[in-house]
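Reading through the structure tokens given below for one structure.
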Amino acid sequence: MDEPFEITMTQRQDPTTLDPHNHRETPTDNVVLHSYEGILWRGPEGEIIESLATEWEVVEDNRHRFTIRDDVQFHDGSSLEPSDCAFTIQRIVDPEAGGLESPQRDQLAGTTGAEVVDGERAIDMLSGGPNPMAFQNIASYAHVVSEDWISERDNEEIAVEMNGTGPYRLADYEPEEYVRLEKFEDYWGEEPDVDRVEIIAAAEDSTRVSQLLAGETDIISAVPPNDAGRIESEDGMSIADIGSTRILMCPMVYNEEPFDSVEFRQAMNYAIDLDQMIDEILRGFGVPTGQPTLPGYNGHNSDLEPYPYDPDEAESLVEQSGYAGAELELEYPAGRYLLNDELAQAAAGFIDDLENVSCEAVSRDFGTLAGELLDGDLSTTPSFYNIGWGNTTFDASQTLTPFLTEGTAIYHYRSDEMEQLKEQWQVETNADEREQILQEANQLAHDEAVWVFLNREWLVYGINGRIDWDPRQDEYFLAQGMNQA
Amino acid sequence: MSDDVILRVSDLSTRFFTTDGQINAVESLSLEIEEGEVFGIVGESGSGKSVTARSLIRLIESPGRITSGTIEYRDADLADDLREDHPGAVDGEFVDLLAIPEKIHRGLRGTSFSMIFQDPESSFNPSLTVGEQIAEAVEVQRRASSNPRSTRARTRSSEYSLRSYAAAAVLPSRGYVSSESKDRAIELLQQVGIPDPEQRVDEYPHEYSGGMLQRAMVAQALAGEPDVLVADEPTTALDVTIQAQVLDILRDLQEETGMTILLITHNLGVIARMCDRVGVMYAGEIVERGSLGDIFDRPTHPYTQGLLGSIPDLDAAGGRLQPIGGNVPSLLDAEMGDRCYFADRCPKAMEECLEKPAEYPAEGTDDHAAQCYLADHPYEASQALPEDYFEESEPP
Amino acid sequence: MNWQRVWRSLRAEFGRSPMAKLGVVLILAVFLMAIFAPFLATTNPKAQDLSRANEPPVGFTDTTEDTRLVDGERQTVTVTTRGTLEYPLGTNQLGQDMYSRLLYGARTSLLVGLLGTAIAALAGVSVGIVAGYYGGRVDDGLMRFADVMLAFPALVLAIALIGLLGPQPVDIPDPFVAAGLVSDMPETTVLPVTVTLVVALVNWVWFARVARGEALSVREKNYVKASRSLGASDWRLMLKHVLPNSLTPILVLATVQVAVIILLESALSFLGFSGTTLSWGFDISQGRDLLATSWWISTMPGLAIVVTVIGINLVGDWLRDALDPDIEGESGGGMG
Amino acid sequence: MRLTRFLLRRTAQGILVVWGVITLVFLLRFITPGSTIDFVAPLDASPELRQRLAEDLGLNKPIYVQYADYIVNLLQLDMGNSLLKGRPASDVIFARLPATLELAIAATIVAILFSIPLGVISATRRHQPVDYGATGFSLIGISTPNFWLGIMLILIVGVNLGWLPTSRRIIGFGPALELLVFEGRTIGIQVWFEHILLPSITLGTYFTALITRLTRNGMLEELGQSYVEVTRAKGLPETLVKYKHVLRNTMIPIITVLGLQMGTLIGGAVITESVFNWPGLGTLIIDAINSRDWPLIQGSLIVIGVGFVVINIVVDALYMYFNPQVTFE
């Protein structure tokens, strides 16, 4: 191969920083994970696989050990030491350690720090008590940085430079315009096929599709299903798709009229024809859900079916609830998820079709809506809203805890039963026992109809035929997984 | 006399086509102007004087149009130049100005003909200096005379690219006007008696007084050293003392350069002071013409008599016309009958006046003539129309 | 002010100008559409039929490559859809009737346009007259404040305020539905209150400037001075002399402002800052991602805006030509 | 002399206006519901974390202290750190500014290049087909929402015909020029031009239409003035009459309107940037508002306010240049 293989990728948003620990957005991950690697990593199906650590084990309930590779170099030429891995964890959980108030701290919830194991190329991750989520979290978060490199720089420099161990090093970065990456010649792992990558962003769906069709870019994320046909039918272009880790739902605040009635909440679920929404709006790119947890996740309850479409049942449940004639507003964040505007409007439309309820979809900008949801004050939370939630730990608790148990910033539901279950899943380390508890919680969420359950969001990519790539569930699209076709 | 004639107008009609109807502003007008004389046209407001002036230099704009007639201008060189390309326009030494293309005609403006307008305040572009505007007029002449033999060269609108127009719009001092022209503008200002011309030349019109502006206007009109100067109410807007000054300047310049002046005014005092020959205008027609003496001492047309009768003292500068009874006639075609237009105001109107009168020679010099039946016939009171004749027949 | 004379010159200009006639016809049509939307609409504009989504307007045939995921397999088929009379202007991605949505969208545009202009005029004229009439420090203070307002681009200020305050929609009951004359149509029309207030807030300055100018000149008129020396109160003078004299230019300005505000409202809806889902700008933004496949969803409401605003501008030209006030700034304010 | 004195006074006034803008922008933050903290704190932050963040950002001080701090910092050109980008707000804003300026200037050039000749031709050939065409175009131009126009241009020129790229900026004018000057490669300018063409047409159309209208009406009015007849009587070439004399006077009202309409241009830029994915101040402001990034919102609005004031001073100076009768009291 004489010609260098160069590709351009377009995603929805630009990275907000290049600091792997100072953000919480997938678009930023999609850039920094070219250069920074985790201690562990995930396979395409979400399974935990080795990365910078080759072995991992539970030493004690509150001590998890990782054995670190010895053949790894950072882009600046220094070699990876276990202390770098320990520093990475410290930097996230301890504001004093890395000079950073990391927004990812709660992603390592329970973790109190990390230390190098004397005399071994290994580190111990420490937690206050039993930590059933330790390996799941490390497989998803904590991307390793060089302690020396970080210590020599202030946070503003770290935000615009990168020095990781990954297969690509930063070549050129113009904030909010592009990131250019080139192959790191001394990468420890398998040499990637792609020599140079440019990552750009376009918030508009149509813009990304146009860019792909015009040959201005090689791979785009979040293709609206309407345009999938145009791409598929274009010579040398194709679609790749996979179910994501995100679900869409419409939470209802449990103590506000009329949603304080379980019957009413159930009625909302019976009212919508979810299958038709998925078929017609999403063109099948989606799967109906009936519980907060996706199949394949810890705690998924396979006995639960999505609520069927039954408007008559819905109307009679509304009558039973005593809230006939209710007027609802469904507030949705405009353009935040794949066709969520249309989905929310359609859901509102179906509810509005009931004889005894009227409903209107109201578009909100995500920032304002998120502010109302996240202030921890239930009274400012809209009583009925649409939101999406990604769970990259493949564990039900990461969805159940924030939404359905009291005291988190975003909760909208509480019941004594759920609170009891939460106490258990937070500490239970026996995997089977924990699975039971989580399944029970999912059953409860389904029966209580805490949300109007919508679909699992689908990842739809448009790809130029010169690239061969299988998409990942976790929304990452990284050049190291792409091959020249 | 025809040897001395410089401008020969025959059968000139100018009409305006408005939404209210056709207006006959100038109607079959004929006159001859001799080289070096001051010819005056006098008449009330609305009699078509100004339109006549504009017609002579072809400055009639839509919806107006010169509908018939010829304006012949004597210029042997011009005639030679045009004989080949526009044979129809040339007659001996005379060139019919209405038969040559606008482009060639434009080349004559400023250099062969020039005009002084009545309202100095609105006749200058407010956003350019007075000097700049006079210098433009000089420049027109300068460019024309740089190649005096060829009318085509002198009438071509110079090598002026779009770029320089744009530059001219933005940067007024660049482009068209040369510094020689500017110097000449200062001289001209001095000539018309503007004090401190070196400084004044760079001032804007709003910094000038009305009288000074009118002098500047004279300077501008003279900048191209025209053969014929048309002065349309040159002093109307000024107060009496300044009127006199401006008229003196005009008279002096005329004597100095020997140019021909066509002076248009409603002020008989001005006429008396300036003119050699006079035409009296009424409703778009010259109703009487003759030497100054003919008109003032031997007026024939009842209208002229009315005009003169209303002036207590002709020698008093600024003596104004007193209104004659009745209304100035409408020039709307639909309301103009085929008769003497003055008949409805004429104290001596007779049945003959209901037909269009011919031009009759009158007592006095050779070219004293009047468009009135009475010029050649005695007045007979028995044929007079009843006093209320026109009131009845006028449409309500 | 002499209303008879105003009326006469309006009529004369109207007779002369075919463009004025066209403008009045367009405006009347849009008004009738908006008012009688419940009768003219063939379908409830909010009623969805997902199985009839993205149908082209009648007379058009749409052929698309449709890729669907069926049991985990992607299948691509060529789908040909023919427009039907049932949905004369086609349907959107929810299978809603574009024609009916167009009619109801006119309501939002006109409601916001007229109400916003009325508020802006009321506020602007009051401030302007007070400033012009009293002059001096009052004038300086108010006009510097107006300068500050002008230094914010209208659209940016509007986006900021709406983003920060939320849409605050208010439901206005539809009288025809309430009276039972039509059924199966929306019972209310949504007025996006924040948008209305914000467009008024960003446009009052133009009215203030015009009213101030008029007040300044009227103040110096002799009859006003005379009335004042006779002891007439300031308020009385402002209401009796200054206000009526300012009406003509304000009327012309208001016409133009309605157009400006309609454009501004549609721009805000387009950016998702409105608060109603029945608006032309909203439909354009919804159709934007479907441009390549379903061009009519964005095109139809876009044309509706263009036609309406042309109509208003023509009427504005007519008023201006007939009444000939000297309005500073031609169209005043701005669209986005 | 006149100009210098005038500029000094206008600058003083401008500073006052900018101060007003700053104050208003600052107050805006306090009248709006929702706390900044909600946007800074992670999705599931604990109350303690939120409290600490508030302290870090100085959000718990009294308002007048915050105001004083803000002014003092601004005087040192410190607009605070962008919450969203984690960099100084001024860096973010000034990095975006060239894109917006390029777009605005390109649109203005498009507008002036087309509108003034069009207006002049239209006025001088009144009631001829070209006049009807120009009048029709300008009517449609001022009535078309530019977001819709942009979409239609993308659809037709970008997608259907494939002549021009549909979005993005790729390269700034500065770097493109460097490429040309130092390396002699025209590709930079070419790419820059291809990308800016549709956005600048979209943004410029309203102005083109507006100025065409103003030019035509102004020319018609001016052509009726007596001095025009005088210039013709002088024998000046017709083009000189129109461009030097008449157009110059027509410019006076046009300039006034342009100054007042600058806000529209900036507002239009917001929309155009959003449609064409143009990385300028407009898209930045929308992002900043959506994420309640106050330092960024305030900074952008202040920069725009200052720009507006500066442009208007320039416009006033131009106005004075074109209209010698003006004396600014």
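As written, the chain order gives the labels A, B, C and D, with residue 1 at the start of each chain.
As a convention for this text, contacts are C-beta pairs under 8 Å (C-beta built on N, C-alpha and C of every residue); 3 or more make two chains touch, one makes a residue touch a chain.
Source: prediction; values computed, not measured.
Novice: Out of curiosity, which chains are bumping into both chain A and chain D?
Specialist: C
Novice: Could you name the chain whose CA centroid falls nearest to the centroid of all protein CA atoms?
Specialist: Central chain is D.
Novice: What chain is the most remote from chain D, judged by the mean position of CA atoms in each chain?
Specialist: In terms of C-alpha centroids, the chain at the greatest distance from chain D is B.
Novice: Which two chains have the most contacts between them?
Specialist: Most contacting pair of chains: C-D.
Novice: Hey, how far is the Cα centre of chain B from the one of chain C, in Å?
Specialist: The mean C-alpha positions of chain B and chain C differ by 55 Å.
Novice: If you average the CA atoms of chain B and of chain D, how far apart do the two points sit, in angstrom?
Specialist: Computed value for the inter-centroid distance: 52 Å.
Novice: With chain centres taken as the means of their Cα atoms, state the distance from chain C to chain D in Å.
Specialist: Chain centroid spacing, chain C to chain D, equals 23 Å.
Novice: Roughly how far is chain A from chain C, going centre to centre by Cα mean, in whole Å?
Specialist: 41
Novice: Which parts of chain B, given as residue numbers and ranges, touch two or more other chains?
Specialist: Correct list: empty.
Novice: Could you list which residues of chain C touch at least two other chains?
Specialist: If we look for residues of chain C contacting two or more partner chains, we find 163-164, 166, 288, 291-292.
Novice: Which residues does chain D have that touch at least 2 chains other than itself?
Specialist: Residue numbers touching two or more other chains: 34, 154, 159, 289-290.
Novice: How do the chains pair up in terms of touching? List each pair.
Specialist: Inter-chain contacts occur between A-C, A-D, B-D, C-D.
Novice: Please name which positions on chain A make contact with chain C in the complex.
Specialist: For this pair, the touching residues of chain A are 204-206, 209-210, 224-233, 239, 241, 273, 276-277, 279-281, 283-285, 334-335, 341-342, 345-346, 349-350, 352-353, 358, 360-365, 367-368, 458.
Novice: Mind listing the chain C positions that touch chain D in their complex?
Specialist: My answer: residues 144-145, 147-148, 150-156, 159-161, 163-166, 259, 263, 266-267, 270-271, 281, 284, 288, 291-292, 295, 298-299, 302, 305-306, 309-310, 313-314, 328-336.
Novice: Residues of chain B touching chain D in their complex?
Specialist: My answer: residues 54, 57, 59, 106-111, 113-115, 117, 119, 122-129, 133, 136-137, 140, 157-158, 160, 162, 165-166, 168-169, 172, 175-176, 204, 206, 217, 220, 223-224.
Novice: Using the touch definition up top, name the residues of chain D that touch chain B in the complex.
Specialist: Its residues touching chain B are 225-227, 229-240, 243-245, 247-249, 251-252, 322-325.
Novice: Write out the stretch or stretches of chain C touching chain A in their complex.
Specialist: Interface residues on the chain C side: 46-48, 50-51, 53-54, 64-70, 74, 76, 93-95, 163-164, 166-167, 169, 187, 190, 272-275, 277, 282, 286, 288-294.
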